[in-house]
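Shared between the two complexes below is subunit A, which pairs with subunit B and subunit C, respectively.
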Partner chain A sequence: MPPKIIGFLCEWCAARALENLAFHRPELPPGFQPLRINCTGSLELEVVTKALAQAEGVLVAGCPSGECHFKEGNLRAGLHLEALRRVLSALGEDPRRLKVLWLSAGEGERLGEEIWKFYRELSHEDRGS
Partner chain B sequence: MKIAVHNLLSCGGCDPVFFLEELPEFFSQAEVVFWSKVKDEEPKILKKFPDQGIEIGFLCGAIKSAGQEEMAQVFRKKCRMVVAVGACALWGGIPGLLWAWGEGPRPVSSFISPELCIPGCPPEGPTWAACLQGLLSGQPPKPSEEPVCIECPRNRRPFRLSSFRRFPETDPEIPECYLSLGVFCAGAVTQKGCGARCLKAGYPCLGCYGPPAGLSARGERLLSALVSALVPQKASQALTRWTDPIGSLYRFDLATHPLLRKRSCQRSA
Partner chain C sequence: MRTKVFLCECGGNISENLDLKALKKALASSGVEVLRHPFLCSPEGQAFFEARILPGEAVLVGACSPHLHGPTFKTLSKKLRVRAFHMVALREEAAWIGKEGAYQRALRLLKGALSALPYYQAPDLKEFPITKALLIIGGGIAGLSAALKASEKELPVYLVEREAFLGGKAVFLDRLYPRLECASCLVSPRLSALSHQKNIRLYTLSRVLQVGGRPGAYEVTLEERPRYVDPERCHGCGECLRVCPVNPPALTMDPPHPVPRAPVIHAARCLHFKGEGCSRCKEVCSRKAIRFEENPRLHRLKVGGIIVATGFKPYPVEKIPYYGYKRLPGVITLWDLEKAFCQKEALRGFDGGPPRKVAVVHCAGSRDRRHLSYCSEICCGLALKAGILLRERLSAEVYHFYLDLRLKSPEGEALLRRAKEEGLRFIRGQVAEISEVPLRPEDEGRLTLLAENTLQPGQKVWAVDLVVLVPGFVPEGGSEEVASLLGLCPDRFGFFSPREEKTAPVETLRKGIWIAGAASGPKDLSESVLSGEAAALEALLFLEKSAFLADTEWVDWEEERCGRCWLCVEVCPFKALRVSPKGLKVEEALCCGCGLCASACPSGALRIKPFPRQAYLQTLEALANAP
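Let's look at the complex of A and B:
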């Protein structure tokens, strides 16, 4: 089974980047499931934890620092996810299963590369375990 | 009225609460037919009773071994009503922290469905009295939607934090909300009912009464609330200094965490 990745993409940047990328019809990993969210700052940690229980990897992609549509949503999300990483380590989970990306709407190609990179990392881990 | 009491995996602190002042009225009507802790009886004695022959069965503690699971099944079969008592029986409790190092115990509700759950570590006397009266009258009380903060005497105000603190680092003379002092007090994500005993004694809430009705993932919510209050410039330092994430967030309900449930399913598969 290919590793499943759930992607939470901010609608102001990463979701648009994915739409831009889609014009080129690139191939994305088979288990990648993107979800459009209003802002990474609105992402509940409960949802991320449940996603980690359902999938091998969770990708959270939001706007670069200083470019949040809601001023500091990405800043807050960054702190929340850093704290969650600490909790994941304490729970004995691999914190690398949670990947955080900051990119703007024009960086579709980079988003595709990062998704593939994450997919390969998770595949290697699966084979190693 | 015949009742049976049994301790599974727990510290054994729940059933002594039967001796509290609020309960003699209840026990004047009850005949204790099985209480392994008081009289060293074999579990097979319980099997001699006819099915549904015991009115109420009180189960305290979590379940780890096959013997404990069998005992819970026997209780379900022999008792007309099963009452799960205490944080261990409801969410795994303190023994549930074993999940951080490997296979730990599961709550009673993972194996059988009890008629009533009495929260607490241990449950306070008034909680016992209200639950038992409700059980006998056929209307068991529902979990409250309100948090412990409703009963807490400490002063609340808007706050920002520059760091997290452990309880011994706080000044006992300051009557401010523990969250505003940077202490992981679980009162905001715990249902009321205990009368905020710990907080009135000057100690932050540990969360033994479980989540209020309708609230899930309380650990994540508490973490989210406190991290949101951090001043961004000092947040990384505060998170580095933060010790014991599991104890501060999942002290009583680690056994019900979705990530650990998934891990245990993978192991058993």
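Let's look at the complex of A and C:
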């Protein structure tokens, strides 16, 4: 079974990046499922943990530092997710299943590359390298 | 709740990559009605959409990105009084991102959205009154243009300028790119017009101290520093400037066309304020305009909207140590050169004499990861203009060091031809170093410039008398402060981001606040005027309304769940939450619905109505069950 990835994409940057990428008709991993969110800062950890229970990998992509449309949503999200990652490690889970990415709307290609990279990491191809 | 799903084929864009027939079948089996249209956004498609919806139904649209046609269908749905509306980007998030798995992705998107649909709740629309007055921050050309346009509608316009005189950088320009017309001839009529408009109130030497209230009814506090000269009495004869014993005079009236036409006393240089009892200016003034006793004043304004036109400043090139700006004589910036030309000051080279050989260094700090990673686009034209003027006025030999020449407008190329005909030399390469130490004995008394010529092999050495550095544009100092007072989002370079770069360039995400001029990115004079007037138009349209409609009541507070930690109040970036005796109070006009409060709440007592936690959890549930 190829790994499933749930991608929470901030609609101001990452979701737009995906749209920009989509115009080039890329081939993204079949298990990748995008989900739009209003701001990474509004993403509740309960939702992230539920996603982690359902998919092999969870990607959260938001705006680069200083570019948040709500001033500091990405900053808060960064703190929340870092805390969650620590909790995951403490619980013996692999924190690498949660990937956080900061990118602007213009970086569609990078988003594509990062999704593939994450996919390969999850498929154990790149582990340890 | 009856639910209807509309699937758009997007003229094959979606239908060729997705089996819509199978999708329709799969969704219909779960009891929803599925309708398909070849172009749902077309007038015919919209009519199809309207004709099939009954009030109170829930509607899910699977089409292009909600960034594109979201507003189209949302407005229609609102008109038709649907209970819930949602749109998924079937095209960008399924059809276009991979043949393999496209169908599954689409099905999951739709099923997820369907199960979340009952939980989405549209925010309420509410009316807010509007104060009929406009504040413009920044008296540069963009702010001026905005003020002049807005003042035609008879509403009070307050123009705030931090410096002592209006006009910003434009008044210190000598000639304009690309036709080399006289800058002051174009700018000064605008400045004069300003003083004729009765409803424009000017505040020079002022800054915004505090912004309170809400969109449509802002309460702004300004601090005005003393000028020590009463502009109402002074008629600008300049007698005081001549008698001032300090060198340079403690009174200045720098711009060639000063508005207001009254000098300013710089207390730090003035002997009177040093306690030396000098009052020569006061004695000589026939109008009795000198006011040593003036103090800073506070002004409280009530305005409905704010235009931010804080402008730019040239990149501080002294940060590039190997160019020696402010260290070596004879190294100046383009803006120093403009000012010198404008005020008819003599130019001095490295040895103090008139420069015979001049190097114009383009992109000083621009397109350089250590300094400015971007290109400011306008400076190439400004540099070319400066080169031609140096050639024509000083008959100097002029060398341009450039990376790429980016000349805007059709006349740009003609100007380049003219420059080449007049004998300006162009060297493609970055300047590595400017030094006072000559490499060859005959270059003693000149600046040595090391540069690469990428069109020829190796590094070369030039000896010149004057170096003109051409810096890129960065946001003006203090714009960060304005951003935090107004809750604006700067981009990663510090420029203000518009709501939408291309289609809403002067709007911001904040209601009742617009941006104009180079505060949102490098702009030349005409673009600044354009954006200033565009912002004024937006502001007038907004202020003309009797009230504005805004989404409100985004946040639901569950009193029983709340643990009173008030983390939500702490995290709210817009200060929209506060604690009242009755519990949590949301300042509806300030709330942007970002949802930071809800995600911070440790007890889940807050719910953002348009996208509650439950909607996401249901979506994930549906994803897990989907094949």
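Here is the rule we use: the second predicted complex is superposed on the first by the 124 of 129 C-alpha atoms of A that agree within 3 Å, B and C clash if a C-alpha of one lies under 4 Å from a C-alpha of the other, contacts with A are read in each partner's own complex, and residues count from 1 in each chain.
The working rule: a contact is a pair of C-beta atoms (placed from the backbone, for glycine too) under 8 Å apart; a residue touches a chain by one contact, two chains touch by 3 or more.
Just so it is clear, the model here is predicted, and its values are computed rather than measured.
By the document's definition of touching, of the two partners only subunit C reaches A:I6; subunit B does not. In the superposed model, A:G31 makes contact with subunit C only, not with subunit B. After overlaying the two complexes on the shared chain, residue contacts for A:K50 are found with subunit B and with subunit C alike.
When the two structures are aligned on the shared chain, A:G108 is found in touch with neither subunit B nor subunit C. In the superposition on chain A, A:L91 contacts subunit B only, with no contact to subunit C.
Applying the stated contact rule after C-alpha superposition, one finds that A:G66 touches subunit C and leaves subunit B untouched.
Of the two partner chains placed by the overlay, subunit B and subunit C both lie in contact with A:H80. Taking subunit A as the reference, the larger set of touched residues comes from C, when subunit B and subunit C are compared.
With the contact threshold set out at the top, residues 44-46, 50, 72, 76, 80 of subunit A are in contact with subunit B in one structure and with subunit C in the other.
Put simply, subunit B touches subunit A in their complex at residues 100-101, 216-217, 219-221, 223-224, 227-228, 230, 232, 235-236, 239, 242, 245-246, 249, 257-263. On the side of subunit A, the complex with subunit B involves touching residues 44-46, 49-50, 52-53, 72, 75-76, 79-80, 82-84, 86-88, 90-93. Those residues of subunit C lying in contact with subunit A across their complex are 65-67, 89, 91-93, 96-101, 104-105, 108-109, 112, 487, 489-492, 497, 509, 571, 573-574, 592-596, 598-600, 604, 608, 610-611, 613, 616-617, 619-620, 623-624. The touching residues of subunit A, counted against subunit C in their complex, run 6, 11, 15-16, 18-19, 21-23, 25-39, 41-47, 50-51, 54, 64-73, 76-77, 80, 104.
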